[in-house]
Structure formats: structure tokens, C-alpha cells
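I've put the structures underneath this note.
Both of the next two complexes hold chain A, though its partner changes from chain B to chain C.
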Partner chain A sequence: MAALNGWWDDYFWGALVIFQVFFCSLGFMIIFGLLGAIAKLSANKLAHKVANAYTVAFRGTPEILVILLMYFGSAIFLTAVAQLFNPEVKFVDIPPFWAGTIAISLIVGSYATETFRGAFLGVNPGSIEAAKALGMSDIQTFVYIRIPEMWRIALPPFGNHMLSLIKDTALISIIGLNETMFVAKQAITVTGKPFTMYIVVGAIYLGFSTVVTLSVMGLEKFGERTTAGVK
Partner chain B sequence: MSEQSKKYLIQMKNVDKYFGEFQALKNINLEVERKERIVICGPSGSGKSTLIRCLNRLEKHNKGQVFIDGNELTDQIKDINAVRREVGMVFQSFNLFPHMTVVKNLMVAQQLVRKISKADAKQRAMHFLERVKIPEQANKYPIQLSGGQQQRVAIARALCMKPKIMLFDEPTSALDPEMINEVLEVMVDLATDGMTMICVTHEMGFARSVADRIIFMDLGEIVEESKPSEFFGNPKNERTKNFLEQILTH
Partner chain C sequence: MIVDFTLIAESLPIMLKGIGITFQLLIISGFLGLILAIFLLLMRISGKWYLSFPAQIYIYVFRGTPILVQIFIIYYGLPQFGFIRSSILWSILREPMGCAIVALSLNTGAYVSEILRGGVLAVGKGLIEAGSALGMSAYQKFVYITAPIATRIALPAYSNDVISLLKSTALASTITIADMTGIARTIVANTYAPYEIFISLAIVYLIFTFILQKLFGYTEQYLGRYTKREG
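The block that comes next holds the complex of A and B.
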């Protein structure tokens, strides 16, 4: 334990990075998932095909590879663009934070696409007809009826997607994101204590996952109040 | 907007409706005046639901014309929701919003469609809940109510929009027998109050006492259209006679 002296603040900042990645990627993941689901359910053939290609590609490739391709791919592109203006430039990249966040949002978003699609299909068509018959517009029906009814169906698998986001954050260390995994690697080279350093990382990730799991359980309870009542 | 189509609250002229190859409505002509109460009956699959769903454009007709209070329903119609809010509809399976309390079910469309303030919407919701005799259920969720209570909430929800017309699609056929009367009472009350109504129902007692006209449909056509006394006492068509025999001996 003495080996940890001097590393606590690094772990703390690393944990904060996990937290930031989680919130940003959660937002993007929901957006990608909703867009994907809407495209898959739409009558538009092109939208349908694009969404299918998206889910096939991102569910069928190793996550770490997506992160690497996203980071180096965008770096090659940006470097080439920058060299057009200034041939002296050697290397331009987007910050690993954003490359990684977008990469894991796209990966988990492809799973969320299927979750949301199924959940939209699970909404009682009778509710939709009732809303139409009352004169509600398509957008009003979407916001006030479809979304609130579908999230209750989507919640349990959605909880798993949130856990995936948290765990995938560790992978982003490979492109140099200074989260806890990255901290541990540095600490190991200095102290030569891999087990101790990695167990701290494990404890931090487990802490985050537990908070997420408990939140999802709370939300499920909240959603169930409409279905679990006594007669 | 012709003078004639303005005279009737509902007018259907030579309406055909197809589902793919299958013709669900054949040359339907129907005129309903203000405060008229129409009952539609007929065997399963005869097109009763399709007919009334064409009146608020939940189904689009393929041929002919449909007018609601003088407005023709076409693909070009600018604001179908302006028509829909004047036409209340009650479904066989209630179709309440499961994630909202009873009172919210009654308020949501008032606020979004009629742009009524929250306080006024709530007041109106409570007024109509009193009218269907379940104000004490206001804060429960639909799943916590009996079928009869849910259907009465659904009727109140439609009434909150202050519609000119109420359409009922077999409102009692999903209900246990002991709950049918509480829903029929509400409908009779509405009819007495002068609401223009079209009810698809096989409750012949209700039809006899409330309807101004009874329409019998079979195979997508209106086969017979007459006053209740005539309809029950002296049906003209063979198909009507057969249907009545079956349903009245049940």
C-alpha cells in the first residue's frame, strides 16, 4: 500500500476523466441510438441501409480497433488538411478525449440502435392512434407518447449499454487518454507493482458501475409505478 | 365548401376503401345531421371500424368524398389535426396513455392541441371526470382501474376536447358483462345531451332506445338504413333478418 503514496491525486484526476467521458459519451450514444432506430424504422430505404451498415460495422469490429482507427484516421485526415496550408506541419490530431468519446459512443450507440428500435416497436399502437385521434401532431405524439412509453421498455438493456460505456473508457488509454488505466501504467513503470496499481483501477471502475446500476434500478422502479399498482 | 356539405356535420359520398386488393368499403353514402345519433351494426369484418376510421382519417379512403362540418378530407388538407380535434373517438380497447395518471390523460391534448392553460385543462378534466362519475380516480394510473372505469376515462378524455362529433367503436365489447351498463349509461347521458354520435355497437337495447337511425353493414356495404322501430320490427333485407336473429337469440 505504501507503493500508492504519491499516486492518489493522479488516480483522482483519472477518475474525473472517466466521469467526463461517461457523461459526454452517454449523450452521444443516446443521439446515435435514437437516430439509428428512427432510420431503421423509417420508410426511407437509404436511411434504412445506412443504419444497417452502421450497426453491422460497429457491432462486428473489436472496440479497441474502432478507437485506434478513429484516432489515427482522423489524425491522418487532419494532418493532410493542415499540410495543404502549411507543409511544415508534421502531425495534427483531435484530442484523445474526443476521439475516444466519439468512438465508444458510436460503438455502444450501434447496440442502443437495436434496443431503441425494439422499444419503439413495443409501444402500444393503440396509444398512438388515440393521440392522433385527439389531434396531436406527429412531433407531439413522439415527444409525449412514444418516448415516455418506449424508455420503460428500453431501460433494462439500456442500463447494460451504460455499463459498456464505463468499461470501454479504459480502452481509450491506448490512445493516451489519461484516465486511471493510463495512470496505473505510469505508476507501474515507476514502482514495479502491477497488481496493486491495477486493483485500484478495478475498484474505481467498480465504483462507477455500481452507481450506474443503482441509478438504473431506481429509474426502473420509477417507471414501474405505472404498471405495478394494486387494483 | 358547398352549402349541402355544410348542412350535414358528416357527409360521405360514394366512398370506397381498399386494403391492397381487398375492398373494405363499397360505395358508402352517409349523411349525418347535427345532434343525430347513429348506430352501426353488422357482422365481423363488414367494414364498420373502417367506415368510422375514415371519418377522422385514421384510414384514408381511396375514392369518393368525406366532409366533416363542411371540410373535405383529402391528402391536400392543410391541417388534419384541426379536423381531428373536433371528432372525438372511443376505442374498443380504451387506449389510455399508460404512463400518465387519469387526470393527465385528460389534460395532455387539451394543453397541446387546444392550447388551454394547465389550470383550465385540469378544471375541465375534473368536470368531465365528475360527469363520468369517477372523479376519485383522478390520480391513479390506467392499469389500476377496471375496464369499465378505463372506458369512462377514455370517453371523458375525448369530451375534454369539446368535440362536435363522437365516434364509438364497439366501446363495450372488451368489457366484462357487469361493466357494460356503466359505460352505456354515460353514452345515453351524452345522447340525451344532444351530442352528435356514431356508435358501432351490438348493444341492441342501446340502439333501440337511443338511435335515430340504425345502419346495417355487410361485406363493406350499407345494406339497410332505417329507424329503430322499423329496423327491429320490419327489417327489409334478408341479411339484416339473419343477423338480427343471430344476435337477438344470443
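The block that comes next holds the complex of A and C.
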């Protein structure tokens, strides 16, 4: 354990990066998932096809490939664009943070698409009819009836998606994100204790997963507070 | 942006040379992981705390940490200890391939055992009672009633896990293994053409996912042949 002295603060900042990636990608993941679900449920054939292609492509490709493609692909594209204006530019890239965040939220968003779609289909048709009978507009029905009913159905699988997001953060270290994996690599070159260093990384991720799992359990309880005796 | 088709035509056969490694990783770790999963499952449903508790801890740790961290702990971390380097295990852990197989098996075992447990818990109580009424022993009930039905119930979720195992094999490229992704990364490092290489490789993975899904779909139909209702 003595080898860890002096590295705790680096691990702390690395963990903070995991936290930031998690929150940003969580937001994007919900957006991609909702867009995908709405497209899949819409009557528009083109939207349906695009959403299907999205889920098939991102659920079937290895995560690391998507991350590498997002980072190097965007770098090539941006460099080409920059060279149009200034031929002396050699290399432009999106920061690994954003390339990675977008990549993992696209991946997990494709899983969330299916979850949200199922949850929207699981909303009780009687509730929708009741809303119509009360003269609610489509938007009101969506906000006050569909969303509050669907998030409870979606929550357990959604918790798993959040865990995937946390764990996929580790992959972003491959394109040079300065998170705990990266800290461990640096620490190993100095101390020569790879096992100790990577175990700390594992423990940090385990801590994050535990917090997410417990929060989802709490949210599930909160969601059931009004329906507890109904069944 | 011009897509370089000759480059794709040239590098696709080179990438496909890694197919053997990808399949070795998939099949060997899938098989070892399944055996581990069955052991973990038996420990969890044994009803004895000193068996089920360690299994629970194991599953919690391996599902709560990223597979990349697990691979790195095994490949970079374990040689830190002298006793591992002098043990019999060293002949496996010395090779990156051995490490990748060990890591992937340990990881997938934790996930699969939860899937199998879901299947076992979903077996109808009435069937097991019927077994008791017929005077079957606990062993007979498990082998002749619980196991066949649980297998059928767990299969759809298991097929998803095999697909995510296929995607995880791509991570073996991070520990110098020349699987399809590893070769692709070398080609991209030389040609700097991420779009062409990574997208064509993604399509290769998509084709394999599709084939796996079809295979499992047929198996599901076969196992469910008695459960279909006539007319």
C-alpha cells in the first residue's frame, strides 16, 4: 500500500473525470434513446428505418471500435476541414473527453432506445384514453401521463444502461482520456506495481457501480410509493 | 472525403486473418465461462450461506468493474507477484492470449450465472412440486425438470451475452493480441485511414452478430418445439 502514497490525488482527479464523463454521457444517452424510441414508434417509415439501422449498427459493433472511429475519424475530418482554410494546420482533433462521451452515449443510447420503446408501449392504454377524455392535448398527455408511467417501467433496465456507461468510461482511456486507467499507467511506470495500481482502479469503478445500483434501487422505491398497495 | 475502396479491398483479407484468434477467444472463453457460470449458479442456489455468499461477492465484483480493468489486472498486474511467475499457472498467464481467455471467461461467467439464475427462478413451482409428488430426489428434480426448462427460458438472454462476449474479444487488442481489431488498429496506424478500415471491420462484426443471432434463434425454436400451441 505504501506504493500508493502520493498517487491518491491523481486517482481522485481521475475519478472526477469518470464522474464528468458519466454525467455528460447520461444526458446524451437519454436524448439518443428517446429520439430512437420516438422514431421507432412513429408512423414515419424513414424515421423507423433510420432508428433500426442505428440500433443494429451500435449494438452489434465492439465498443472500442466505435470509440476509435469517433476519435480518429473526427480528427481526420476536422483536419481536412481546417486545411481548407489554413493549409499549414497539421492535426486537429476533438478532445478525447467529448469523442469518448459521444461514442459511449451513442452505444448505450442504442440499448436505451429498445428500453424506452418497450416502456412507452407498456403505458396503460386506459390512462391515455382517460387523458383524452379529460381533453388533454397530445403534449400534455406525453408530459403528464406517458412520461411518469414509462420511467417506472424503464427504470430497472435503465439502471443497467447506467452501469454500462460507467464501465465503458474505462475504454475512453484508450484514446488518451486522463482518467483512472491513465493514472494507473503513469503510476506503474514510476512504482513498478501494476497489480496494486489497477486494483485501485477496479475499486474506484466498483464504488461507482455500487452508488449507481443503490440509487436505482432508491428510485425504484420512490417510483412505487403510490402504487405499492395497488397490485 | 473520398472513400478509398482499393484500400478496403487490400486490408479486408489482412484483417480477416485475425478471425481465427477472435473465434478462439469467443469459443474458448464462452465455454469456460459457461462452466464457471454453472458452478456459480449451483453455489448460489445451494441454500448454504458459505457457498452462496462467495459466489455473490464474485458476481458483484466482476459485474461491477470494467472488463478492460480485469484484463489489465490479469495481464499487467499478476506478474507483479513472484509466486505467480513460479507457479504452473505462469505457462498460461505468460501469454497475452492466455490472459485474455482467463479474463474473458471470468467476466462472462459472472454475467451468465445471473442469466441462468433468472432462468432457474422462472421455472414454475407446480412442476417442481409435481416432481416431489412423483418421489424424485432433489438431484433428479434439478436435472430432469429445472435444468431443461431453465435452459429454454434463459436462452434469449444468454444469446445477448454471447454477442457482448464477441464484442469484448475486441478488447484483447489492447494487450497486443492480433485479433481482427488488433490488426485493424495496426493498419490504421500505418495508413491513417480510420473510416475505411474501422467501418469495414464494424460491418464484419455486424455480420457475425447477425449469424450468432440467427443460430440462437433456431436453437430457441428447436428447444421450444413442444411449447407451441396447435392451430
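Convention: the second predicted complex is superposed on the first by the 229 of 231 C-alpha atoms of A that agree within 3 Å, B and C clash if a C-alpha of one lies under 4 Å from a C-alpha of the other, contacts with A are read in each partner's own complex, and residues count from 1 in each chain.
Here, contacts are C-beta pairs under 8 Å (C-beta built on N, C-alpha and C of every residue); 3 or more make two chains touch, one makes a residue touch a chain.
Predicted model only: the values in this text are computed from it and were never measured.
Aligning the shared chain A places chain B and chain C next to each other free of steric conflict. In the superposition on chain A, contact is made by A:148 with chain B only, not with chain C. In the superposition on chain A, A:225 makes contact with chain B only, while chain C stays out of contact range. Of the two partner chains placed by superposition, A:215 touches none, neither chain B nor chain C.
In the superposition on chain A, A:73 makes contact with chain C only, while chain B stays out of contact range. In the superposition on chain A, contact of A:171 is made with chain C only, not with chain B. By the touch criterion stated above, A:134 is placed in contact with chain B alone, chain C being left untouched. In the superposed pair of complexes, A:56 makes contact with chain C only, with no contact to chain B. In the superposition on chain A, A:42 makes contact with neither chain B nor chain C.
Touched residues of chain A were counted for both chain B and chain C, and C has more of them. Between chain B and chain C in the chain A overlay, the least Cα distance found is 25 Å.
Once both structures are placed on chain A, no chain A residue is touched by chain B and, in the other complex, by chain C. Note for the complex: chain A touches chain C at residues 56-57, 59-66, 68-69, 72-73, 76-77, 80, 163, 166-171, 173-174, 181, 184, 188, 192-199, 201-202, 205-206, 209-210, 213. Across the interface of their complex, chain B is touched by residues 124, 126-127, 129-137, 140, 144-145, 148-149, 152, 223, 225-227, 229-231 of chain A.
Contact residues of chain C toward chain A in the complex are 1, 60-61, 63-70, 72-73, 76-81, 163, 166-171, 173-174, 181, 184-185, 188, 192, 194-195, 198-199, 201-202, 205-206, 209-210. For chain B in complex with chain A, the touching residues are 56, 58, 81-85, 87-89, 91, 93-99, 108-109, 112-113, 140-144, 146, 154, 157-158, 161.
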